[in-house]
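Two complexes come next, and they have one chain in common, chain A, joined by chain B in the first and chain C in the second.
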Partner chain A sequence: MIEKNIWQKIWQKRLMYLFISPFFLLFIVFQFFPLIYSMILSLYKWNGLGAREYVGFKNYINLFSDQMFLECLENTFFYWALSILMIIPVALIIAAVTFVISSKRIKTYQTILFLPYVSAAVSIGLVFYILFDHNAGFVNNILAAIGFERIPWLVSTKVSKFPVLFLVSWRAIPWYMLIFYSGLQSINRDLFEAAKIDGANPIQNLMNIIIPTIAPLAFFCLINLSIESFRRFAEPQILTGGGPGSSSMTLVQYLYINGFTIFKLGYASAIGYVLTFILIIVSSFQLRIMIKRSKEGV
Partner chain B sequence: MAKKTISSYFAQALIFIACFLALFPILWMLLIAVKPVTESFGTIREILPSRIAFENFYQVSLLMPIWQNFLNSVIVSLSGTILTVFFCSLAGFAFAKYKFPGRDFLFIFLIATMMVPPETNVIPVFLIMRQLGWINKLISLIIPRAATAVGIFYMRQYILSFPDSLMEQSRIDGCSEFRIYWNMVLPVISPALAAWASIGLIARWNELLWPLLFMRTPEKFTLMVSLSQLPVSEGLSTPWPVIMAGATIAVLPLVILYFILQKFQVADLTAGATKG
Partner chain C sequence: MKKTKLIMIVLTMVLSLAVMGCSKSTQVSNDGAFPAGKMTLYAYGQPHFRQEYYDAFLERNRDIAPEVEVEIIQTEGEADVRQKVMLSFTAGAYDDLPTAISTNPVSMQAMAESGILKDITEFLTPYSTKLVDGALEQVSFGNSYYGLPRSVRPNILFYNNEIFEEYNIDPARMSTIEGWLDVGRELKEKSNGTVFLSYIDPGSRTWRYYGRRGVMPQAGAKIWDDEGNCIIDSDPGSRLAFNTIDTLYKEELVLKSAIMQPPLYDATRANKIATYMIGAFWDEFLRKNLPDMEGKWRTLPSPMYENIGTRGAPVVMMEALIETKNNIYADLYLKYWEDFTFNNEARITWTKSMEKQNAPYPNPISLEMLNDAFWQLPSSYYGEESFRQKEGEGLQNASVNLRVTSDDIEADIIISNELERYLSGDQNMDEAISNMAKNIKSRIGTTDPVQ
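Right after this comes the complex of A and B.
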């Protein structure tokens, strides 16, 4: 009887299932099925056309003696750590400064400061390419003019990650700045008034009012930026193509090359699974935040 | 008092520097795009063009089918954005305002799917596209992210505050559930729709990986793919003003739209996104 009731209930509410169905259909076809398919493929050697050869975990074992893979793994972690160090403090400082100065032009400033987020990574990647050109680039010309040596930004394996990092930061800072700014704005300004009456000094304000508001936001930004970092593709692809060598290549680029340039589909799937593994760990933190928020409502 | 002025000057200076750094690459791109091809541009003295060379915008169409690519980008971005706004808000509405068996489980499941990164499964997704016959067709860029977990999540959070009593009233008046969504909920949540549409539009317009994978012939490329395929090299043998003209064509539409709409309403979404 109960069984029947449930099916009746479901039938009664069929419209709701119809409303939510597009996501679940797309998820099954373009995410869930690929996730399983990818796991199977990662156990084979396959060039995409001929017969597949079962190799077990050999693709995964080979990864850890593959110098290029290890370099890309290292690069990806490098981008991750440095982009957090560059983006979050700068975004926070700019947000705080725009919050503190009361100026009529604040809207104009914000409009300008948000422009990088709107600009295409590919176009600006090309701009950065000539900005960091060894002989003709603006950056090196300025360095030379003030008496420094020219830095071989894009052609040296030692520094090629930095222009990529600058490009990534340039485009990402506005977004995080906006998040911090709207967080600061959500603080009731009366709180500062009340604190003033109680004789609180700016440092106490910082400790008691600002940091408690900013800390959860900073954590949210940290997780968000981490996820973005491990998915990084466009910026290094345009600016350096991952080179010279593979000195600025990310894991997603290496996956792309293995899958679509040299057609090692099984091996590429294994790389994908390593990435999936890393990202599941990182996003489990995000998951917790999201579930908590969904229960609180809004 | 003097202390206060010094710190406010300092703050102003900081904002000016930040604005300059944010603007410079875009302005420089525009300036090079209208320079005659033979002019160099590496130093401050050479920053302004000797004359405005609009021919670069014609020259770039000889390097790549840029207007066709432009059209492709417009089609993909607009239709993708419209679909995602529609499907996400519809599902968000169902999750926020109705009780049905398995709802809470399905919602938690939906949140959990955000952990599966799309980029890591490019190979099976490519094989599926090949099976569907969607390779080199724009539809392959429109359909897969037509309804996303993040979008549904934000829409649901936003719609939660829509008053139930209003819905009851219209149900008594004989409105269907879809009518309630279309006529009552959509207008009320328009700030959230605008925010989600802006973010979707920016992401789609600027996308590189997926169109690079699925589009195989130059006339099917989006702007980003075409630009990424241009042959560039160190030094000045590359016709940079022509390439910057192409880059400008890819950046300007969103920048102009951004100035028209002012702030793109993105703030509304981040405000909702960051509570808690």
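Right after this comes the complex of A and C.
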């Protein structure tokens, strides 16, 4: 029997391929092609109009002597690390509390808790802007009332990242709370009954039942949050515009400025590829830990 | 076999529809009238207020444009306009391009150089003597005109007369920058630091309003020399301008608060801000955000350096026409510009309507129109002083704007970044200037100085 080549195999199942082709067409046009095209572009100097100038790896080399890029890189890592430390534990605690509370109004509470996630980023950014204003902001008024110095939240390069971090956390916690809550609902209630009989307290329940059960979910949240953190754009853009200076600017903001304000498309593409490289490293590192842990669990 | 036929029929239909969708007919009527359709404008700021003028213009010209409408597409800003145009051009989607776009000198140059904009030298040159000084200063690239000036607005000194009366200070002392700074010191002393001479923005607007459009041109400063080398750290004009900002900030003559944000309006309303040295556009923001301060504000031409003697540089707002075969309304847009620039009656009607709505409106740029008594009428917001007349006076003895190059957007980002660090206390002004030069040289190198 003659073995069919790949094209013959495809032709044999052409109808099936025809039906799945819309996805692949869209993928090629909107994802695969831009991916390859931006890689090529990262080797050129081009303002989007006129002729392109081939510069080799100069865009990549220049990045590492660009003070703004290095600061944005540092800021991005700052947001990533701090948002993981703030969002995951708080989301887990709120999810656990709403899970154990037996109240008729629990759905109402959950809806209220979820509101920050569905609120428009622009309007919330404006509210935070007013809250953190140096002279008239609510936060500084509270600090002044209890005897502390007013903090120049949005106008100091030293502290401008914190309001952004608060805004990010405030918006993201409800989403991760919901994920954890759905994970908690999958825990067999009998376990809690058995723990109650054994005299376990809430902390022991959390450490010995809840956390081990939802560990895979927590890793999913960790990876998801990491990817989100490295792609952070809206919150710092709305609240501080990345400033003062570039003290609260993320890599994606810097990419955007280079691509669509300065129109250095090659340079912006190089930033995009550095970002992709970082994401691959961070995600694969986290995935390796996850796989290792799941094997240990088996 | 049936399946194959079915697939072929479906594919043929899809292909035919795609081809039909891509082809746009450009009917031109025999009587010389413009074909039915939409004349589109990409614009930023508050362009919706101009819709009224466009509609009225078309109504007056139904003989040549019986079925033409105007659509203004609001964009986030100038960069957004350029981005949209650039992407349509790169994609070859010429049908998606607008008739005209609002733009600025840097983007205008880049787009003109790439052949995106229509050369309107022949159209604009005859009007050069009929327009106010500076109207055509920033709308050219090489030896050709590409931009249609819509407004030429000077830098103006707005001052709160109530504060000056309360502390018995003569506003006329602010005719020079040195005098303005002295007034700030006196206000600070007399008010025990509760009244500030002005504001300073912790973000990029300090460079925009105090730097590029503010004291830099007045000080005769230069970022680039004639060969395109960065000289911001060695140019005496730049030093003078940055030292003025340094004095304002170091001596705490300014309230650190973001411009166009509620806290600054609150401080202004509470009589904590005595002056604003800024473009005439600030009139719109005062009237709109502080209507309760009607009658308190007055204006003066922006102060000048004693040893230099020129006032603030004007800001030209412009539109440019897109250069494609499909731009069937390009000539109609030129007619609109002529109407907007020289039709006094229509302009007065529109301005009165804008006034009623507390909406923005610029002074005319036609010298003849400016002589009309309407443009000298008093304004109740300025204590019966004529703001429009003062705006016209502000254009006299104006400084020349900074040289604009294709690298200035990036240079602005670098300069502003260092200035913001200075305002945040991370570095002193000398370090900021030195870092500006260092980073411009490392990231941009030299620029093409041709304008």
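What we mean here is this: the second predicted complex is superposed on the first by the 246 of 298 C-alpha atoms of A that agree within 3 Å, B and C clash if a C-alpha of one lies under 4 Å from a C-alpha of the other, contacts with A are read in each partner's own complex, and residues count from 1 in each chain.
The working rule: a contact is a pair of C-beta atoms (placed from the backbone, for glycine too) under 8 Å apart; a residue touches a chain by one contact, two chains touch by 3 or more.
Treat the numbers as computed from the prediction; the structure is a model and nothing was measured.
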item	value
Superposition on chain A - do chain B and chain C clash or fit	clash
First (chain B), second (chain C), both or neither touched by A:82	neither
Partner chain(s) touched by A:200 [first = chain B, second = chain C, both, neither]	neither
First, second, both or neither for A:133, with chain B first and chain C second	both
Chain B versus chain C as contact partner of A:260, first or second or both or neither	both
Which of chain B and chain C A:294 touches, first, second, both or neither	first
Touching partner for A:155 - first (chain B), second (chain C), both, neither	both
First, second, both or neither for A:268, with chain B first and chain C second	first
Contacts of A:187 with chain B and chain C, given as first, second, both or neither	neither
In the superposition, chain B vs chain C on chain A residues touched	B
Chain B versus chain C as contact partner of A:15, first or second or both or neither	both
Region of chain C that runs into chain B when the structures are aligned on their shared chain, from 132-140, 240-248, 258-266 or 420-428	258-266
Shared chain A contacts, counted only where both chain B and chain C touch the same residue	15, 129-130, 133-137, 154-155, 260
Complex interface listing, chain C residues touching chain A	3, 7, 79-80, 82-83, 86-87, 89-90, 110-111, 113-114, 116, 202-204, 255-258, 261-263, 266-267, 406, 409-410, 413-414, 417-418, 420-421, 423-426, 439, 442-443
Chain A contact footprint on chain B (complex, rising order)	8, 11-12, 14-15, 18-19, 21-23, 25-26, 28-29, 32, 40-43, 87-88, 90-91, 93-95, 98, 100-101, 103, 106-108, 110-128, 143-149, 152-153, 156-158, 160-161, 177-178, 202, 205-206, 208-209, 213, 223-224, 227-228, 230, 232, 234-236, 240, 243-244, 246-248, 250-251, 254-255, 258-259, 262-264, 266-267, 270-276
Chain A residues within the chain C interface of the complex	15, 18, 47-50, 62, 65-68, 129-130, 133-137, 152, 154-158, 240-241, 243-247, 257, 260-264
Of chain A, residues touching chain B in the complex	6, 9-10, 13, 15-17, 19-20, 22-24, 26-27, 29-35, 37-38, 41, 93-94, 97-98, 100-101, 103, 109-124, 126-131, 133-138, 141, 145, 154-155, 170, 174, 178-179, 182-183, 186, 216-217, 220, 227, 230-231, 233-234, 237-238, 252, 255-256, 259-260, 265, 268-269, 272-273, 275-276, 279-280, 283-284, 286-287, 289-294, 296-298
